[in-house]
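This is the structure I have questions about; it appears just below.
Naming follows writing order (A, B, C, D, E and F), and every chain is counted from residue 1.
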Amino acid sequence: MSERRALFLGRFQPYHQGHHQMIKKIAAQVDELIIAVGSAQWSHTPRDPFTAGERIMMITRALAELPLTKYVLPVEDIERNSLYVAHIRTLTPPFSLVYSNNPLVTRLFAEAQIPVQALPFVERERFWGTNIRQLMIAGDDQWRRYVPPVVAQLIDQIDGIARLQQIHQTDHLERKS
Amino acid sequence: MSERRALFLGRFQPYHQGHHQMIKKIAAQVDELIIAVGSAQWSHTPRDPFTAGERIMMITRALAELPLTKYVLPVEDIERNSLYVAHIRTLTPPFSLVYSNNPLVTRLFAEAQIPVQALPFVERERFWGTNIRQLMIAGDDQWRRYVPPVVAQLIDQIDGIARLQQIHQTDHLERKS
Amino acid sequence: MSERRALFLGRFQPYHQGHHQMIKKIAAQVDELIIAVGSAQWSHTPRDPFTAGERIMMITRALAELPLTKYVLPVEDIERNSLYVAHIRTLTPPFSLVYSNNPLVTRLFAEAQIPVQALPFVERERFWGTNIRQLMIAGDDQWRRYVPPVVAQLIDQIDGIARLQQIHQTDHLERKS
Amino acid sequence: MSERRALFLGRFQPYHQGHHQMIKKIAAQVDELIIAVGSAQWSHTPRDPFTAGERIMMITRALAELPLTKYVLPVEDIERNSLYVAHIRTLTPPFSLVYSNNPLVTRLFAEAQIPVQALPFVERERFWGTNIRQLMIAGDDQWRRYVPPVVAQLIDQIDGIARLQQIHQTDHLERKS
Amino acid sequence: MSERRALFLGRFQPYHQGHHQMIKKIAAQVDELIIAVGSAQWSHTPRDPFTAGERIMMITRALAELPLTKYVLPVEDIERNSLYVAHIRTLTPPFSLVYSNNPLVTRLFAEAQIPVQALPFVERERFWGTNIRQLMIAGDDQWRRYVPPVVAQLIDQIDGIARLQQIHQTDHLERKS
Amino acid sequence: MSERRALFLGRFQPYHQGHHQMIKKIAAQVDELIIAVGSAQWSHTPRDPFTAGERIMMITRALAELPLTKYVLPVEDIERNSLYVAHIRTLTPPFSLVYSNNPLVTRLFAEAQIPVQALPFVERERFWGTNIRQLMIAGDDQWRRYVPPVVAQLIDQIDGIARLQQIHQTDHLERKS
């Protein structure tokens, strides 16, 4: 297996232009790319509104034209940091490089002797999931500028904005049940 | 199954007059009522002091005279919102209507094509679990006014006030272990 | 809590005349009865065809006329025998007696200092779940004789015989996938 | 979402010519295909020797030339048949058709109102996972004829035959620990 | 089993002089001591940096000279307070006394009829895990004064300070993924 | 950490002379020994009658005189072979050698680059857990010859023979519930 195969981790709530630009830069440096959709078990919360299946579809469509073998895979959280690397490896093809800026992820892969490379620079302030979800909740159509057009279209098809707006109200009321 | 069977969800920590008034109103509109005791796995915390079994007993006793078929059932939390409706359905008899004011619950059942009806109005400020538990912690006997008499009697029998007062102290000390 | 409250455990796949006769005998000896529907998480297998909700409905209907406070509760299996008694106790009202013929159940409650009484005699050969499910699979209507009439009616309503017959075929084919 | 998107379920231990022929036939009838790699958590057993990641790689490589959008996704077993359909749906893009010959799978999707179509005919006797694994254990190179060439190559790269032969011995000895 | 065997519970992140002094005092009062290493599944977080195995090694080395039979055992958290006592008991030799100042632990063992004794006094302000971890993060070598020398040596061997400093950064950044 | 620290895995149902002889031989070759008590969550079954705590106590007592640092630790089964090595490592001090004859264990550690050494020879036929449990069930006191005397004494103290004999009957009856 002499291919250069790398791992890119994210929650992709939603898949946005920040992810998209980074992945296009990474694509130039590897033969195959594994995109792990983390926190796969979560959906329908203000922080994680979309299901793993919906996020996988966003990514697959947005990257359809990228000439690279991609593996877009759901990865559930595991409540044991010390098993995280083994958990990822059993769900994915073998990889020799991880792209991440997250200090915990960096530490865990480093302790397992797997090299981690910092992500290529993108403007974090604009392309940031929390920001985009807040625009969605506020009913501000600006969110469409921050995601690839096929992602916006898919979010419309699954009625994603209404879902996020409705479940967001739970934050304020749930303590009253 | 032509009965009109509805689902009512709550944590019932404890079962109080707010629940009781709502259920008596709902009872007039349905043939059978499923009362799902949520977060069934939790007990002995300041927010969830009573076990599922204790809560089921409170409800069963308080509703003993209500001329309606009732199913009072424990339902554990499931850490996947997208499985929540299927989880509830496998533990309960089939139902065609859900009573809830919770936005997340409303969304999840709506996505599964099950109608949700808002709860009949009751005074939320007084009949509210958090409030009642705070009176219990403070040693203020006013809490007795907010629960059906058989519930107060049962809480006395299980030494519930002492339990809540003792475990409440954990909040302040646990970070020191 | 001076009531005499007992626990009766079973899988109830389905609830049949053997259970029914035993429960009617027990009812004469106690004030309240907890009926724990075990293996609650299982359904749609040849050994456990019915969901917990369906089984709870069978029991509730069959015992509607029995003048006794009943708690009919789902209890999921726990993969640790040493936690089983604590698991049951947290899901149920307190009880002072268990009815069981199962040696493991008897041992576990005895080690926890809870008395266990042998079940009143019924003809085991005829009233036995495995037997009844085999008649159902064979398409032999004799199964109707072994369950209370309201249970037979409910099994018809949920299309239970067709379900059992279809999933039963998995036994023979699943190794071929 | 007017695409015709179908679901194909399997364990793929390993991905073989039987799967391959069926998928090529199905590909002609749909726009997009979801291939769910079941029992994803299992590996290193005589029945499930390969990890989910290894199986995903087999399928992705074998289908690289098939001009169709494919989603090749790991799906862990869930110990509750009644949650299985919801579990699959949250991990996958929405689908309107399932291909399966398994009676339990057929029943579960049918109860959820999702149509199931029987698999196109292939010679089961030859293309059957159990058979192929037995050849591998016996050291008989005939197994190579029953899998796509890229799959055979990948199994060699991961030293798959030696792994299966070694863990197979556990069957005979494990009771002696 | 006439030995006086006691249980001491802690997270030991890390094992420090506060624990050490208390255990030496308790040792004078019992025949055998069980030291339960709680939250055993956690590691690599700012609050729980060390694995269970690392913590067990710290304790075993620090107490090597204490002339007492010790059982140093990992205990994972269980998300059900009502099962906690049974969970502890199945993993440990039988004990007749618990040492704890934690109100929840005290309550749970008291409800199970097991006596709980308050911990012997030590200066809490100085010997407190949170404090020691903050010194480690700040790069202040004072932490060495608060742990037994063999513990400091072990933390150096596993590169523990660098690990804690690196994962600590996740707190500030993780919301940006 | 220049100590030679080895791992020895077993279920120890019960700890017998076969284990004891092997461990004494291994002890001569290492500085520290980790004894992992596998299937720690199981007890009260014919194959796994004793709790983890009981087994840990057997081993600790039997090895009390062996002049070696020992770590006797419960390890629960993990339903994912591919995570097994990481699971063991997080619960134990670091080790550089594993003693095992089990082919699966050998394979898993070998894939993780950890050397595995075959167990020193002992007479398997006589010293074999299954055999010893069958003698116990049959009421044949010969079992006492196959375990260290302190283990026999402990089994008597916990009423272990009566427990095993009682739960053993479940095998024959459980299908009748």
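Going forward, a residue touches a chain if its C-beta (ideal position, glycine included) is under 8 Å from a C-beta of that chain, and two chains touch if they have at least 3 such contacts.
Values in this document were obtained by computation on a predicted structure and should not be read as measured data.
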{"item": "Third chains touching both subunit F and subunit C", "value": "D, E"}
{"item": "Angle, in degrees to the nearest 5, of the Cα rotation that carries subunit C onto subunit D", "value": "120"}
{"item": "Same vs different contact residues, subunit A with subunit B, by half of numbers used", "value": "different"}
{"item": "Geometric centre distance via CA averages, subunit D-subunit B, whole Å", "value": "43"}
{"item": "Averaged-CA centre spacing for the pair subunit F and subunit D, given as whole angstrom", "value": "36"}
{"item": "Separation of subunit E from subunit F, taking each centre as the mean of its C-alpha atoms, in whole Å", "value": "26"}
{"item": "Sequence positions of subunit A contacting 2 or more other chains", "value": "41, 43, 51, 80, 82, 89-90"}
{"item": "Interchain contacts, given as pairs of chains that touch", "value": "A-B, A-D, A-E, A-F, B-C, B-D, B-E, C-D, C-E, C-F, D-F, E-F"}
{"item": "Subunit C residues within the subunit E interface of the complex", "value": "80, 82-83, 85-87, 89-90"}
{"item": "Subunit F contact footprint on subunit E (complex, rising order)", "value": "1, 40-41, 43, 51-54, 56-57, 60, 64, 69, 71-74, 76, 89-94, 157-158"}
{"item": "List of subunit F residues in touch with subunit D within their complex", "value": "10-11, 79-82, 101-104, 106-108, 111, 124, 128-130"}
{"item": "For the subunit B and subunit E complex, residues of the former touching the latter", "value": "41-45, 51, 163, 166-170, 173-177"}
